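Note that the chains take the letters A, B, C, D and E in the order they are written out, and that residue 1 is the start of every chain.
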Amino acid sequence: MKLPKSQIFLLVALLVAGGFSAFSGRIDPYILDVTLGVGIAITLASSLNLINGFTGQFSLGHAGFMAVGAYSSAMLTTTLGPKLGASAGVLQWVLFPASLLLGGLVAALAGLAVGAPSLRLKGDYLAIVTLGFGEIIKVILQNVDAVGGARGLVGIPDYTNLFWTFGVAAVTVYVVWALLNSTYGRGFLAVADDEVAAEAMGLNTTRYKITAFVVGSFFAGVAGGLYAHLKGYLNPGGFDFNKSIEIVVMVILGGMGRHVGVIVAAVLLAVLNETLRSFGDYRMILYSLLLILLMLTRPQGLFTWTPRKKSAA
Amino acid sequence: MTELLQQLINGLSLGAIYALIALGYTMVYGVLRFINFAHSDVFMVGAYIGFYLGPRLGAGTVWGGIATLAAAMAGSAVLGVVIEKLAYKPLRNRSNLTVLITAIGVSLFLQNAGQKILGANPRAFQFPVPGGGQQRLFPETQLHFRSLTISSNQVIVLAVSAVLLVALWWIVHRTRIGTAMRAMSFNATAASLVGINNDAVISFTFALGSALAGAGGVLYAMNYPSIDPLMGTLPGLKAFVAAVLGGIGNLPGAALGGMLIGLVETFVSGTRMSTYRDAIAFAILILILLFRPAGLLGKLRVEKV
Amino acid sequence: MLEVNQLQVNYGAITALHDVSLRVEKGSIVTLIGGNGAGKTTTLRAISGMVKPKSGQILYEGRDITGVPSHKLVGQGIAHSPEGRMVFANLTVRENLQMGAYLQRDKAVIAREEEFVFATFPRLKEREQQLAGTLSGGEQQMLAIGRALMSQPKCLLLDEPSLGIAPLLVKLIFEKIVELNRTRGLTILLVEQNANLALEISQYGYVLETGRILLADDAAKLRADPKVRDAYLGG
Amino acid sequence: EPIRIGEFSSLTGREAGLGQYTHMGVQMAVEEINAAGGVDGRPLLVLAEDTQSKAGEAATVVRKLITRDHVVAIVGEGASGRCLEGAPIAQRAGIPVVSPAATNPKVTEIGDCIFRVCFTDPFQGTVMAKFAHETLKVRRVGVLSDVASSYSLGLAGFFRQRCIVDGVELVGEQKFSGGDKDYRAQLTALKAARPDALFVPAYYGDAGLILLQARQLGLTVPVLGGDGFEAPELVQIAGAAADGAFFPVHFSTSDTSPRSRSFIARYTQRWNKAPTGVSALGYDALNLIADAIRRGKSAEPKAIRTALAGTTGFEGITGRIAMDSERNARKPASIVRVEGGQFRFLQSVAP
Amino acid sequence: MASLLQLENVTIRFGGLTAVSSVSATVQEGELVGLIGPNGAGKTTVFNMVTGVYQPTEGSIAFAGQPTAGLKPFEITERGIARTFQNIRLFPSLSVFDNVRVAFHLHLKHDSVHSLTRGPKFHREEIELRERTRELLAIFNLERVQDEPSKSLSYGDQRRLEIIRALATRPKLLLLDEPAAGMNPAEKLELMKLIQFIRDKFQLAILLVEHDMKVVMGICQRIHVLEYGRKIAEGTPAEIRANPAVIAAYLG
């Protein structure tokens, strides 16, 4: 059977990730850490792009979904891992993906719970509700002793590697891309453009919005799982409003609803963050100035040469 | 009973400050349809202006206090206008999400430059007494009614907030520039077609909103005399929430939202549920929005198809 | 009164006007006709400062007003009733009209103009307190014209004033345009699809196609021109 | 060829105060050591990284310090949360970490490479409860702690445990969230419970306002705190309302020992302001590492670790330090009382 | 046989204002019916009630024999009513092509899952849809701008695109709200032909709101006239043209 181009892309991406992963032992752990961070950022930004960029909703709670995924996934590996008595390799290749899946599912569930009632809200009202949800999650995590409360969850095994990170990133990008590039998927864009007209064309706008929310949260949750097993430690404070804003910045800087632009923005911001480290406490000052400058010089998003909405699938 | 009353007073004085900041958010939003993230940092700068100018303006006396307050408002207004001109104006015809990012950039800049220039440590918002010792912005006394305690500062906060709110309402609803602001909020192109200078209106809006933030900063610092470059973020976030809760773009709504958030926080704080305070505040907010999708006093924009 | 010289306007990569020149004499009515996408709206937008021309020159009463922003032109006496109406949806009909007189400080004058608009469009009087956004399409069109009149312009740009207006009222509106032109000496640049009617009341006409002036002549001659009849007047 | 030592602390962000004071102590220690000819003839080079007071940064910067900068030991992160994030990575790489001020017991439980020069939460929580009970004769006590801070919750927990043992009644417990600024609601509720004393484990920024507002509300009972109270800003913010507060310090500026006096003088000279407890702890942490290198006669991480574990009588500014088997510094604490804006030494308490 | 669309005593009030008052009307299958009346008579409001944007305050609406009360707009579209808007509502940032393609969505055999798996069936359907989209665009000669975002079209072309988009939902009843607005007489003539062509080719009924009497009288089989929300007349174009009430209120 002839595989279409898009699926070949996905396969190749997965293979490349797997290939590199085999050498990860030889990669400088710091570079690896940053690279994995970039991969997670791509997943976060692409998944939020589905909600904020393509479907035109305004979520400010992506870090909340990420937290849900991170904690669920970490709880599974930290509680079940030691009991299984399996080798680290088995745990990394079997238990860990299961835990990522769990993180994604729990986050998707949360996405459904938040999305279903609140999607009739528009614009900033939706933003506030999602922001509120993120904060509620944070407060609850701070208060639950079983997950470490304010002290944080310690002792999470470091399973996150190149394969899982970039595999997930590739799958996310593929899913978002594939969802949109179909006649069905143009509906997301239509909802973003004009809800009244979309309804009149027979599109169930609520259904589209919920789908975007659930899929977006799912991948945010998976990204959370990766993050947990990269850092080895979780603290509720790490999933606050500022984290959500960070992801929103990637999406907007990338040009809202552009696949490649958002990926590049995610990479750029992560790399910028690291390169500026050498400037010590001027780092954030420079970072903020660069952010303003980027926006002023490329207001249409960094990478406008990527066609936004091609008619060809 | 007295505890309830005491909490009510505490909640109102906290809410009044949220209301002041929320008014600035709401005004800018009303005209430009975007959330000015840097607003909460203008609030911080306002407090620092008060901190540095206070001793020169005779802080500690009633008139000195008023002069300090006015200076902070003026300084913040200038800052607000400068930010608008440099960072937002070049993006005038772009989507408001684009502007949102520069606003976040400006916010980060003010916070971090603030930490570098003003120092990261909290400072005490107090002023030296000529003979030695420290004093507050306004002469302070505690008023006692039975076991109820009200600080004169709390009274000042409430009074100043009320005066500013009324003044603002008057400007927006009773003056020409106010009318222009409202017209712009509905349709900027049409507004320029009837002779409204959009840039002037926007500058004015920023000046006004930032002045309120500056006043809020000084009053906040007076009531909680510990200031630091990140002091704006939390009250800023809450004020933003208050503005939306009241119905973003709606002035009385912002005031009401601010008061409500202040009261909810205070009452929850005083109970066993205090650890869940923010969660409860947000849960209430979400519930209210689900039943009133345009906020408490907001009207859904009519859209005839 | 109004003179446009070799105007070019771009929207991004698209050139909407290539080389448009036209003149509107003081106190005259001039009509601009052309097919969809010809650039009629763009021409009006450029004159009233809503879009910045790439090149070319616009003179108003001898002054160069190229690139001057809309709000300044209102003060100089140019009013524009735009395509798409652009009423202030959340203000009432009355407030919309008063916004139209934003630069006018004399209350008596405002009241007089308001009377005039209400007399012209009694329907608006009936709907005085209704939010403009909930008006019917035709009612909004009346409001847009009325609002433009409120600034007491010397030169009025009308973009398809008859669009969405019932037949009886179309006649009425054209009568009023003539009346304004006669009694107040108002100069009018009219864009109309109802070309027959428009040319009937105009002294001069221009035909615009794909961003270029195709024909320019006395209105009566244009109406008689068989090519124009075929293409724009419906035979 | 300098000996490379890493440092990670919160130089910017919400807890920049803590990080910067620590960093100044570390910086001064290095300058002094190098001025005196270094360690065994080799100068020290400190590579400082900022965690921005943010979760997620510590893990990255510790990896960077280890693999990029090839540090042999790390001074790091006074905040317990971020220490818990960064330290496991150093543990895995076998690089010893000395935390200046992370008091959470979990920190040194990470593994045998993790040390600290400060006392722990159980220690100070217990000490303050004992002090309240025995010295102040408190029978009814109220607690106000910071829900977002593991430090604060930890102290409150150990304080509570000890109170139960001593039979002191806990009449009210309230929570706030760091940076709140308005604590009147909690204080009003606590006042209604009529305690004899309040225990407020909080950092000075919050604590100053809490003291101020408590007095404004007419709540005049003694307030007890943790080491987080110690900073000149406490008194600046609270003014006279700070008088009568009690808290334990690692190091007291009113300490009159020649060693302390000299440290204060040198520090003030160098930085133009007085040191705080964490400055002294940062200073001690670095000196302890230098001392371990000298004693182990090697700048290899393994040797440093072994030498650190064997520390018995290190004379620090914050007292004589001995490492116990849990790698916690065993050393006395002093309790001070605020009087007229000064921290007055009251008594010394041993573990 | 029951009518395709049946309005019975339909009334709607906005606050104190009765915008449509006890209107009854029908449209038969395959019929081309006009709805005319002065500005603000309630024509667009009738469209809004038929398509579920507003719910009538009183009275009932039935489509193909089924009451439509309580249905959401998209559910009504699913049953076979499509519309255009008086104030054009395209998807401004989508390309002309995608504006039409989205509207095919109702008759898709594939959904989100197929978009992901992208099997051969999915591709076949997509190719077919693309063909059909092009056919539709060709009706109005819009293939030349198919990759432009729809917001950059001129007013007249936007109107045409809206009609095509509505057709893509494959309606049994098409509601057109002032389709000829903004077109010159020559273009209007062309539009009239096209409307009739569409009706015949797609076998649908059309309800047309239009102020241009040439258009209405030229193509409608039957005309309803509203004034101040009430129906004042109904009949063939000839009857309407001669109706004194209509002349007084509307035609002049």
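To be clear about the criterion, a contact is a pair of C-beta atoms (placed from the backbone, for glycine too) under 8 Å apart; a residue touches a chain by one contact, two chains touch by 3 or more.
Nothing here was measured: the structure is a model prediction, and the numbers come from that model.
Engineer: Could you tell me which chains make contact with chain D and chain E both?
Structural biologist: A, B
Engineer: Treat touching chains as neighbours and tell me the shortest step distance from chain C to chain E.
Structural biologist: The least step count works out to 1.
Engineer: Which chain is most remote from chain C in terms of Cα centres?
Structural biologist: Taking each chain's C-alpha mean as its centre, the farthest from chain C is D.
Engineer: Tell me, please, which chain's centre (mean of its C-alpha atoms) is farthest from the centre of chain B?
Structural biologist: E
Engineer: Distance from the CA centroid of chain A to that of chain B, rounded to the nearest Å?
Structural biologist: 33
Engineer: Averaging only over C-alpha atoms, locate the centres of chain C and chain D and give their separation in whole Å.
Structural biologist: Measuring from centre to centre gives 75 Å for this pair.
Engineer: Mind checking the centre-to-centre distance between chain B and chain C? Centres are C-alpha means, answer in whole Å.
Structural biologist: Once rounded, the distance between the two centres reads 44 Å.
Engineer: Indicate the whole-number Å distance between the mean C-alpha point of chain A and the mean C-alpha point of chain E.
Structural biologist: 42
Engineer: Multi-chain contacts in chain B: which residues touch at least two other chains?
Structural biologist: Correct list: 112, 115, 275, 277-278, 303, 305.
Engineer: For chain C, jot down the residues that touch at least 2 other chains.
Structural biologist: Chain C, residues with two or more chain partners: 134-135.
Engineer: I need the residues of chain E touching at least two other chains; which ones are they?
Structural biologist: Within chain E, residues 53, 85, 87, 89 contact more than one other chain.
Engineer: Work through the pairs of chains, note which ones touch, and then classify the graph as line, ring, star, complete or other.
Structural biologist: other
Engineer: Per the touch rule above, enumerate the chain pairs that touch, sorted by label.
Structural biologist: A-B, A-D, A-E, B-C, B-D, B-E, C-E
Engineer: Across the complex, what residues on chain D touch chain A?
Structural biologist: 11-12, 48-50, 52, 54-56, 59-61, 63-64, 66-68, 80-81, 84-85, 88-89, 92, 104, 106, 110, 147-150, 153-154
Engineer: Residue numbers of chain B touching chain A in their complex, please.
Structural biologist: 29, 35, 87, 90-91, 94-95, 97-98, 100-102, 104-109, 111-113, 115-116, 237, 240-241, 244-245, 248, 275-279, 282-283, 285-286, 289-290, 293-295, 303, 305
Engineer: For a test of understanding, state which residues of chain B touch chain E in their complex under the given definition.
Structural biologist: 305
Engineer: Can you tell me which positions in chain A touch chain D when the two form their complex?
Structural biologist: For this pair, the touching residues of chain A are 28-34, 37, 142-143, 149-152, 154-155, 158, 227, 230-239, 242, 274, 277, 280-281, 283-284.
Engineer: Could you list, by residue number, the parts of chain D that touch chain B in their complex?
Structural biologist: 12-14, 16-17, 20, 147, 174-177, 179-186, 188-189, 192, 204-205, 208-209, 212, 216-218, 231, 233, 236-237, 239
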